[in-house]
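Presented sequentially are two complexes of chain A, the first with chain B as partner and the second with chain C.
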Partner chain A sequence: MQAPDQPAAKPAASVIKPWLLTVPAILFLAAFFVLPLIDNGMRSIVGETGGLTAGRYLTLLTDSFYLRVTVATVLLSAGVTLICVVIGYPVAYFLVRKAGRWAGLVIFLLIAPLLTSIIMRTFGWQVLFARRGLVNNFLVDQFGVLSAPLRLANSPEIAIAALVHVLVPFMVLAIATVLQSVDTRLEESAKILGAGRWRTFWEVTLPLSLDGIGTGAILVFMIANGSFVTLVMLGGGLQTLPLMIYQQFNTTRDFGMASAMSTILLVIAVFCLFLQLRLVRRRGA
Partner chain B sequence: MQNGNWRGDVNQQNGISDRHADKNMNKATGTTAEALRLASVRKSYGSTAAVRELDLSVEAGELVALLGPSGCGKTTTLRMVAGFERPDAGSIRIGGAEVSQLPPHKRNLGMVFQNYSLFPHRTVAENIGFGLRMAGVGRAERDTRVQEMLDLIQLQGRAEMYPSKLSGGQQQRVALARSLVVNPKVLLLDEPLGALDKSLRESMQFEIRGMQQRLGITTLLVTHDQEEALSMSDKVAVMSAGRILQIGTPNDIYDRPQSRFVAEFLGTSNIFEGKVAPEGTSVLLPGRDGEIAVPLEMAAQPGSPLVLSVRPERVRLGEHAGEGANFEARVTGAVFRGNYAAYQLDVPSLGRELFVYRQADGPLGAVSHRLGETLTLSWAPRDAVPVSAD
Partner chain C sequence: MRRDWINIALAAFVVLFFIFMLAPILVVVVVSFTAAGYVAFPIPGWSLKWFGNIFAYQPFIDALLVSFQVAIGATLLSCAIGIPACLFLARARGAWAGAIMTFLLSPLSMPMIVIGFASLFFLSWLGIGISFTALLITHTVVCLPYVIRTVAGVYAGVPRSYEEAAAILGANPAKVFWHVTLPLIRPGIMAGSLFSFLTSFDNLPISYFFGSSSTNTLPVVMLSYLEHQFDPTIAALSTLQLAMAVVALIVVDRIYGIDKMTVAG
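Showing the complex of A and B:
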């Protein structure tokens, strides 16, 4: 009599369904992420008079000024990404194939900049490239190469350099992870079959590490796309979407336009995430 | 000559390479060209010597196996021939030309790795054609030769597949085809069957050996599997601690081991340590009641220490060997091993146990001696092989 009843007693303990454990996180996200997002979306489509309007998006996508800002944002991110690939790949290759017992040190050196606050790092760049900064000092006073200091700080180039500085570690680690899984015997097979060092790289190593480049590129592109502090402090007036959003909120106080711009930024980010998911899925297959 | 004819046929059938045809000529005219020669090769990693003073000569068309436990230097030796490692000293000659300073891609070799190492991002056909493409062979000729190879390994329908879709045995054959299509001067096999199941391994042994003999390609095989070495090679070189201890035909190595290490590493051996008797024709083994004389096949230096190796399958049970060694023994273990039976016998007069393998009468391998049974154990003088102590 007892025995058949016993299983019935057990569910009492498992009344708490596992998914319930996620409730706090869900509530938090709903309150501080989903609701604001909906609010933001609404603000971008509700007109001054209260009716719905797609006017802001039309302006954003057709007005040449706003279009230029969007294109500049994407181009800046793409440029930063490209430079990160070019700089990061050799480092990743060295880290995985040559560093040996120094690998730990290399990884530390890569990550160390990330431990510094972004404000501090950006000030560092300003100090280096200011009118009477270190670089100009050397060029003008120490070596006399130039007669007058260069206007280095506050230019898009320095902003790009600073962004690359922050983002290269992500690229290196993404590539290194994939490179690690490329069996060196594949490279040896290519060599014994007559491929020299470069040929082996182009035919075997590079194609097999493309996934790492892809993952790193998407990551770097997304972060660069949303970067704000670096561009405010070093960009020299370069306008990108995050800067415009800030401006619309704080200076122009056109909340509707700011919301519409953040939607555009969000769409770009979601598209990147989608690309990354596809990449991961293909690798899994 | 027979070999030469055989390969001539293959040439006509498959149009396989001119270089192999040249090799046939060599063989047919009886010149035994030395295809690969290592002389006084040394290699250390830090303070550990991986290979010390290694000499090895492989004749054209021969398959030589480097056999030894892990860490004996066999893989390092192979990698030096391949060019992945530079020897610290010594010379490596392939087809008479010194290559020890050449990078791997200039050595014209073929190599098959344990895990096949097929390019995962290339199709079967692209994998096989890779070496030809590197050599600048034109598209049309490449396609023909890849097709020939696919025919040879019987994977005609798989040309456009990716390696991950193939079974282990098929990948192995593709790897073999990829290294053979470029007509390498020497084929290097690094534990080629290590990743296959036992059942597949045996048929691949035949397949690789068959193809190697048909093409007459000089081959260096690295393995830790004694059965693989014995069944696939013309010669086996047993290595230990960076040296070749003994090199010879599989038969020779198995039946006439020169050292205790070889006797014990290849198969099983009953090892006896003793001293040559004053008259020099027998060896005195320490026994329970004093020394016991065991006759030797050939006379040895009287009084010198001597180690004897007796293969378990050479020991006879239940019969008296006239002038050989005869002992009373008791069966302490009997195991059915399929094609033979393995016994453990206690020999009271020697105060030790011996291993004996017997092909039993009646059902194959059936155990025909019972535990506790007492019987005579014997071996002929020629089956006790004197070996060096190390």
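Showing the complex of A and C:
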């Protein structure tokens, strides 16, 4: 192995081009990441009797049941993303502008949940909202609001809360990174020129931090779109593409259909990746 | 006056936010110490029996071993192919290097369940369907980006002058790497390995497709346990896992200072 760009490279070393160092990683991903996905795409367009067919995609995009699942997947991800923006922005603003010496603690509290396993967090929601969980105990015993415990776990609202819980730290960090680079003198100028607090925020701070919201939103949307464990454990009757792939694999065993659904998820992911790259490039320019 | 009011509202919102963030985690930690035979919160008394119960259930022990082996194996493999790539990519300029970097990080952006489902069929076709090797390969696909992103980030911040000085003083490229570059990027390697290990250890959507009695990882066994039982053993196991992650993070931070690196992103 050699360090790249050696100015005083020995003749023996110059035979080895530095870019060759990337070859093992590229080959590995080409073989075990790209090829499986291509193979998966092929399975979705090869018919039962051989020969090519677009039938599965037609079903996915025209059959009202499958169409509803696809739309529900995208809407769920979009909804979770929106909630993350609304909740995450004030926290990011606090972290960058108000936290001061508490900033370290805020960052620690944001990152600490990432150390817990996804099963632990999902289980936590089940405990909070179980029949004998904290919420029901309060409502029934402490306040006597209800006569019998509610069946709260396994409802779409809890699943959405759990998804937000997993994803909102990414949003806060993305917004905070951009907010950090916003020149506070611009805000001061707006105030000196007579703009009120809200107007300064809406017309100066918010527009200048849109890139952070964009970066965070794409990231959150992308992860929410493929989310699986949270929905399996807390789903509450929500039907999304990842859950359908899981069911097709487990019970229906229609692998062609599962492959077609995987490809649709993949196309959405690639589109998000493309948007992400454009945003990064624009910010770099 | 009005100004203070807004600041107080913002601070109150942030406090509520962190209650929301920490409640589901703390509740599990508390439940793992319950004396009750069922999951309830608040708990009626304290006990360590559920931690003992983890070791009474053989599939947990087997899965714990599999998870450790896969996570360590995938991390080592990711370092072996990822670190060399970083040595080039962190210093390279130009469209090609950018494109390669994007490609090597792209598994992060793909839905895990799709990677798992597609890999099962492809690896079965190769004849290594449901096996430890298959787990190792698929986990490396999703661990590699963490190693590359962290190591490249650290190496990009290292001035070239150290390596140039060593080369001018007559060290050959191998010596430069071993005595200069490697010590400089070691914090990145340790942090990247930690992220990679935790990612593998927590993975369910890929491991699920490669499950069998000898290849079930811990999350797979935990999920199937939860399908039949809702008792505090899962809480105890989760707490143990969290304690492990915290200790690993503190150790790596004490030795190498993770706080100096950007974890965001």
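Quick note on the criterion: the second predicted complex is superposed on the first by the 273 of 285 C-alpha atoms of A that agree within 3 Å, B and C clash if a C-alpha of one lies under 4 Å from a C-alpha of the other, contacts with A are read in each partner's own complex, and residues count from 1 in each chain.
Assume contacts are C-beta pairs under 8 Å (C-beta built on N, C-alpha and C of every residue); 3 or more make two chains touch, one makes a residue touch a chain.
Values in this document were obtained by computation on a predicted structure and should not be read as measured data.
Enquirer: Of the two partner chains, chain B (first) and chain C (second), which one does A:Q126 touch, if any: first, second, both, or neither?
Expert: Touch status of A:Q126: second partner only.
Enquirer: Looking at the overlay, does A:V71 come into contact with chain B only (first), chain C only (second), both, or neither?
Expert: A:V71 contacts neither chain B nor chain C.
Enquirer: Based on the superposed arrangement, let me know which partner A:A190 touches: chain B (first), chain C (second), both, or neither?
Expert: Touch partner of A:A190: chain B, not chain C.
Enquirer: Is A:L58 touching the first partner chain B, the second partner chain C, both, or neither of them?
Expert: Touch status of A:L58: no partner.
Enquirer: Have a look at where A:M42 lands relative to chain B and chain C in the superposition and call it first, second, both or neither.
Expert: neither
Enquirer: Using the superposition on chain A described above, determine whether A:L208 touches chain B (first), chain C (second), both, or neither.
Expert: So A:L208 only meets chain B here.
Enquirer: Which partner reaches more residues of chain A, chain B or chain C?
Expert: Between chain B and chain C, C touches the greater number of residues in chain A.
Enquirer: Identify the overlap between the chain B-contacting and the chain C-contacting residues of chain A.
Expert: Dual-contact residues (chain A): 197.
Enquirer: Which residues of chain C touch chain A in the complex?
Expert: Against chain A, the touching part of chain C is residues 3, 6-7, 10-11, 13-14, 17-18, 20-25, 27-28, 31, 38-42, 80-82, 84-85, 87-89, 91-92, 100, 102-104, 106-107, 109-115, 117-119, 121-123, 125, 137-138, 140-141, 144, 148, 160, 163-164, 167-168, 172-174, 176-177, 180-181, 198, 201-202, 204-205, 208-209, 219, 222-223, 226, 230, 234-235, 238-239, 241-242, 245-246, 249, 263-265.
Enquirer: Which of the residues in chain A come into contact with chain B in the complex?
Expert: Interface residues on the chain A side: 183, 185-186, 188-197, 199-200, 203-204, 207-208.
Enquirer: Sort out for me which residues of chain B touch chain A in the complex.
Expert: 82-84, 103-105, 107-111, 113, 115, 117-121, 130-131, 134-135, 178-179, 182, 188
Enquirer: With touch defined as at the start, can you tell me which chain A residues reach chain C in the complex?
Expert: That would be residues 1-10, 13, 18-19, 21-22, 24-26, 28-29, 32-33, 35-37, 39-40, 43, 87, 90-91, 93-94, 98, 106, 109-111, 113, 115-121, 123-128, 130, 132-134, 137, 162, 165, 168-169, 173-174, 176-177, 197, 222, 225-226, 228-229, 232-233, 242, 245-246, 249, 255, 258-259, 262, 265-266, 269, 272-273, 276-277 of chain A.
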